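Chain nomenclature is as follows: A, B, C and D, assigned in order of appearance, with residue numbering initiated at 1 for each chain independently.
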Amino acid sequence: MGTTTPIATTRSVTGMPTGRLAVWWVIGSEIVIFGGLLMCYLMLRLKFPHWALNSSHTNTFAGGVNTFVLLTSSLSIVLAHYYAERKEELKAFGLIWATIFGGLCFLVIKGIEWTTEIQNGFTITSSLFWSFYYTAAGLHALHVIAGMCLMGWISIDVLQKKNMHRVELIGIYWHFVDLVWIFLFPLLYIAK
Amino acid sequence: MIELLRQSGSSFAGDINNLILLVTVLAGFWLIVAEVVLFWLVWKFRKKPGVKAQYVTGERKEEMKWIHWPHNIILVCDVFIIFFAIKVWHHVKQELPPAQSTIRIIGQQWAWRFIMPGADNVLGTKDDIETVDELHVKVDTTYHYKLESVDVLHDFSVPQFRLKQDAIPGRIMTGWFKPTKVGHFDIQCAEICGIGHGIMMGKLFVDSAEEYDKWIASHTPAEATSH
Amino acid sequence: MAEYVAHSHDEHKDADGHGPSFYIKIWAILLVLFAISVIGPEFGHRTVTLITAFGIALVKAYMVAVNFMHIKHERKYIPYIMFAMLGMVFLFYIAVSTDVQATSGTNWENAAAKAIIEENKDFEHHLEH
Amino acid sequence: MATTHAEHHDHHDHHEMSFWEKYIFPLDHKVIGMQYLFTGILMGVLGAFFSYVFRMQNAFPGIEVPLFGLVTSAQYNSLITNHGTIMIFWFAMPILVAAFGNYLIPLMIGADDMVFPKINRLSYQIFLLSVVVLIGSFFVHNGGFGGAWTAYPPLSAKAEYNLTPWGSILWLVAVVLEFVAFLLGGINFITTLMNSRAKGMKMMDIPIVCWMIVLASILFMASAGPLIAGAAMLLFDQTIGTGFFDPARGGDPILWQHLFWFFGHPEVYVVFLPAMGIVAEVITTFSRKKLFAYKVVLFTTFATGILSFFVWAHHQFIAGIDPRLANIFTVTTLLISIPIAEMLFVYIATLWGGSIELTSAMLFALGFLATFLVGGVTGIFLGASGADIYFHDTYFVLAHFHYTFVPIAVIAVFAGLYYWFPKMFGRFMDETLGKIHFWGTMVGFNGIFMPLFFTGAAGDHRRIFDFSNFPELAVSSLQHLRMVATISVIITILFQFVFFWNFIYSMFRGRKCTENNPWKANTLEWVAACPPPHGNFLVMPEVYRGPYEYSVPGRELDYWPQNEKV
């Protein structure tokens, strides 16, 4: 069929657009992936009270700034969706790139944070706490990177007023990434 | 029934045999019923010229009862099996009878190490006897074992005793057995533990009281007897 | 495809009917909550930490899901599916914690874990410095 | 039948596709289904070859196995590990879920394709990559991974224990890639079924096989998450030396077992459900009967799916979990026997009052029911914790799950292939050869695993490359049973050549299928041409009734296609 869209894609028996339905299923499967990892962490964290000592070495300030950055980028992507629905493609485009910039800030801060920690001798193999710290935050960062790439790709379509509904889809995904961080932050940084 | 294939040699082996028999009878009954009905239906309702199939939705009450009654009876069978399974499990794995002697079993790639308390029947003293791949126990004595592993997972298994327990590095698993038959049996490792898994074999000697004492006397370390 | 974009557009109008100012308001509330969740644990009181760090995280999650992800306006089964997935996660925790979180149980003990806890038992002393 | 529906295919739009576009990078769900099918079959051949090699070593220790040579214990471990992994992840799942799911779902719900054709293609490409990585793992230094398909750490985590520094890493990477492929595919199946059904097709009009494949995808999605996280943890343990599963550093090997079986048990139902779906289609068509109590089948499926998340620790009864936990899992495990038994009873009841035609497809479907029953009831021994103490990790377990997996992944798949072959390739398979194949497979298969129940009950423990190291097990009576099993493996494999000949010959030279609906079945795939063109239907069908309206009283014809208005 080459580039033509199948009829199947245009149907909507549930009354929900297929894309949105799929994004929710993606999020469902992500919940169990992150949930599984965090539950493993939680069990061992509660088993070993001395992990509080490790988590006191995390940079709460950097983590806090990152929470702020992600919350703000959530705002910009929800506004992008708002303007995309109103077909104001320039505003939507700008806000998508603001979100991408937010993601970039997040990664830069994360990078600085990790560099300092590694310099201070806290590497992924230092102790089990740090293994979880890098694995969970790393998995989350991968999702941030994936979201940024997708947003860049979607923004091109948005400029041409094509596939505007995808802004909402990436928005839901991005909010989920934000949500994961909302839980990662207290689990890894605050709980002492 | 299972005795025909592998003799039992411990106090709880009989309980496990009986449970297996119970499951065999109940599950076997259902297997035979289902298979007979299946083959009978295939034969009875084979395609015959001029005979049209019936239209049965299976949603009317009198049709559903053919499903619901078996379903209820299976539930009852399940309750029976659950009851006896948990009873046996509780006896074998959960509730330990008081020990008359305690041994340590250590699995490693690819051998079993046994530490027996020796003549004083206390672990951690000088007269402890350490052996490799060879365990001597006294018949009709309740033993507790402390199962450990130094590297990967192993599984201490003695089919005659109906005894099986994984050894996990970092953990100490406690269990019990009481040999009832004199003789010598294979000890297996029943959890894959690397390329030598297939040679990880031990020998279990269940000795009579006199034989056992003789063995203890001849294997007590020299420094324990020196003073 | 144009058909359902227009459709979802309408849906949003009556679903929230909010303009950008609404989203900015939600964002501001989230920031306040976030500030509480950072300040609360500074007191070092266990219950306060739990409530401010994790209780507030739940509130924030709820606010994001409802106001940004519009989960309320989806078909009813979407939140149910999400809760079912969360249920899986908690089921996993409940069953597994008896083995992994505990250091001993019926007829077993995790000697290695106990040794680690013993080795680090004066960590609170270090924490104060 | 002609409806004035807005959904028309404008076939003039399609440009002629090159071979490359059509078969190598296809978007058409049918071609992607075929890619999965053929890849799965090839992997199945590889897995079967592995089983032949290690069965030969097992029955005739030290023999120079024809086509392979001497088997070392490291090779033996690697063969059994990869046999298990391949048969489940690269044979059963791609064929039952991905191949049949891709091929059937759009056709049976009256759609022209999946909702996300490009994601569908990506799913297969990732799957293919996982195949390449897995096969690559056999040829690296020290060979393929040999720590069993369950990959319990610390054995799987440290090269100093498993002695396969690269094999174990590549094995794990392949499994994770395969998971990603199936998550992508699963999202496609679920959304397609939810959103793209033909006009008029209500929930209770969906053919059972579509329900089953989609529910299986949901089960997979809900259970695989923790294991994906666990795989990342294990990968770090293997590669950079973290200690997630190292007890000396606070990790816990038991944690992996839970992560694995939390996925691993629902996985059994991930492959079981599609097989049940295929059998439902075949037995209703060839007994000309309405499925007995459609809703009961559906509800028992839901019950099975939900319960399947509460039973996983029965794989770990003696693996060091807390004995109190075992009691809870005994109860749930035995309870799951109820919906499964009920489902099988419903299938058997469907035969009542039918007009049963024993075609090859029907024979395989009935063979599935007959043999799966054995697998089902022997599972009770293992679910009952007290009895599991004796049977755990013996050949009894092995025989039990092969009595479930072989009916699922081989016998039901054959039923499906014989049934849908005319639709897939526009020609019939030879019925005589099909029946020879059926009897050969059934006799061979039972010949393999019946003796193994007895060797297992006599104490044969699994994954042993040479029983002569165990004096009690090296006795000739047991060795003879092992030989019977091995000879049966060879017989079964030889009979598969009949199938391959039949399959390939019929694909090109078989009797032509001149009508759209050769079996006089009701479901929508039989509305499309044989084989269906790109886009499936000339006019998108509408649905007026359920899928199993056979032999309705008062109708002259004994079938009533879903899309016929009157």
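To be clear about the criterion, a residue touches a chain if its C-beta (ideal position, glycine included) is under 8 Å from a C-beta of that chain, and two chains touch if they have at least 3 such contacts.
Bear in mind that the values here come from a model prediction, so they are computed numbers and not experimental data.
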item: Remotest chain, chain A as reference, centres from CA atoms; value: B
item: Chain pair with more C-beta contacts, A-C versus B-C; value: A-C
item: Chain centre separation in whole Å, for chain C relative to chain B (CA means); value: 43
item: Length of the line joining the C-alpha centres of chain A and chain C, rounded to whole Å; value: 14
item: Centre distance in Å when chain C and chain D are each reduced to the mean of their C-alpha atoms; value: 36
item: Centre-of-Cα separation between chain D and chain B, whole angstrom; value: 31
item: Numbers and ranges of chain D residues touching at least 2 other chains; value: 222-223, 225-226, 247-250, 252, 254-255, 262, 320, 323-324
item: Residues within chain B bordering two or more other chains; value: 93-94, 169-171, 173
item: In chain A, residues with contacts to at least two other chains; value: 9, 12, 14, 16, 25, 28-29, 31-32, 35-36, 39-40, 43-44, 47-48
item: All pairs of touching chains, each written as two labels joined by a dash; value: A-C, A-D, B-C, B-D, C-D
item: Residues of chain D defined as touching chain B within the complex; value: 72-74, 76-77, 146-148, 152, 154-155, 161-163, 247-248, 252-254, 287-296, 318-320, 323-324, 326-327, 330-331, 334-335, 337-338, 341-342, 344-346, 348-358, 366, 369-370, 373-374, 377-378, 380-381, 383-387, 389-390, 392-394, 454, 457-459, 461-466, 469-473, 550-553, 558
item: Footprint of chain D on chain B - complex, ascending; value: 2, 5-6, 15-16, 19-20, 23-24, 26-28, 30-31, 34-35, 37-39, 41-42, 45-48, 51-59, 63-64, 66-67, 70-71, 74-75, 78, 81-82, 84-90, 92-94, 109, 151-153, 155, 157, 159, 162-166, 168-171, 173, 185-186, 188-199, 201
item: Chain C to chain A touching residues, read off their complex; value: 1, 3-5, 7-9, 12, 19-20, 23-24, 26-27, 30-31, 34, 37-38, 41, 44, 49, 53-54, 57, 60-61, 64-65, 68-69, 74-75, 78, 81-82, 84-86, 88-90, 92-93, 96-97, 100-103, 113, 116-117, 120-121, 123-124, 126-127
item: Touching residues on chain A, where the partner in the complex is chain D; value: 1-2, 4, 6-9, 11-14, 16, 18, 21-22, 25-26, 28-37, 39-40, 43-44, 47-48, 124-125, 127-128, 131, 135, 139
item: Sites on chain B touched by chain C in the complex; value: 93-94, 96, 169-175
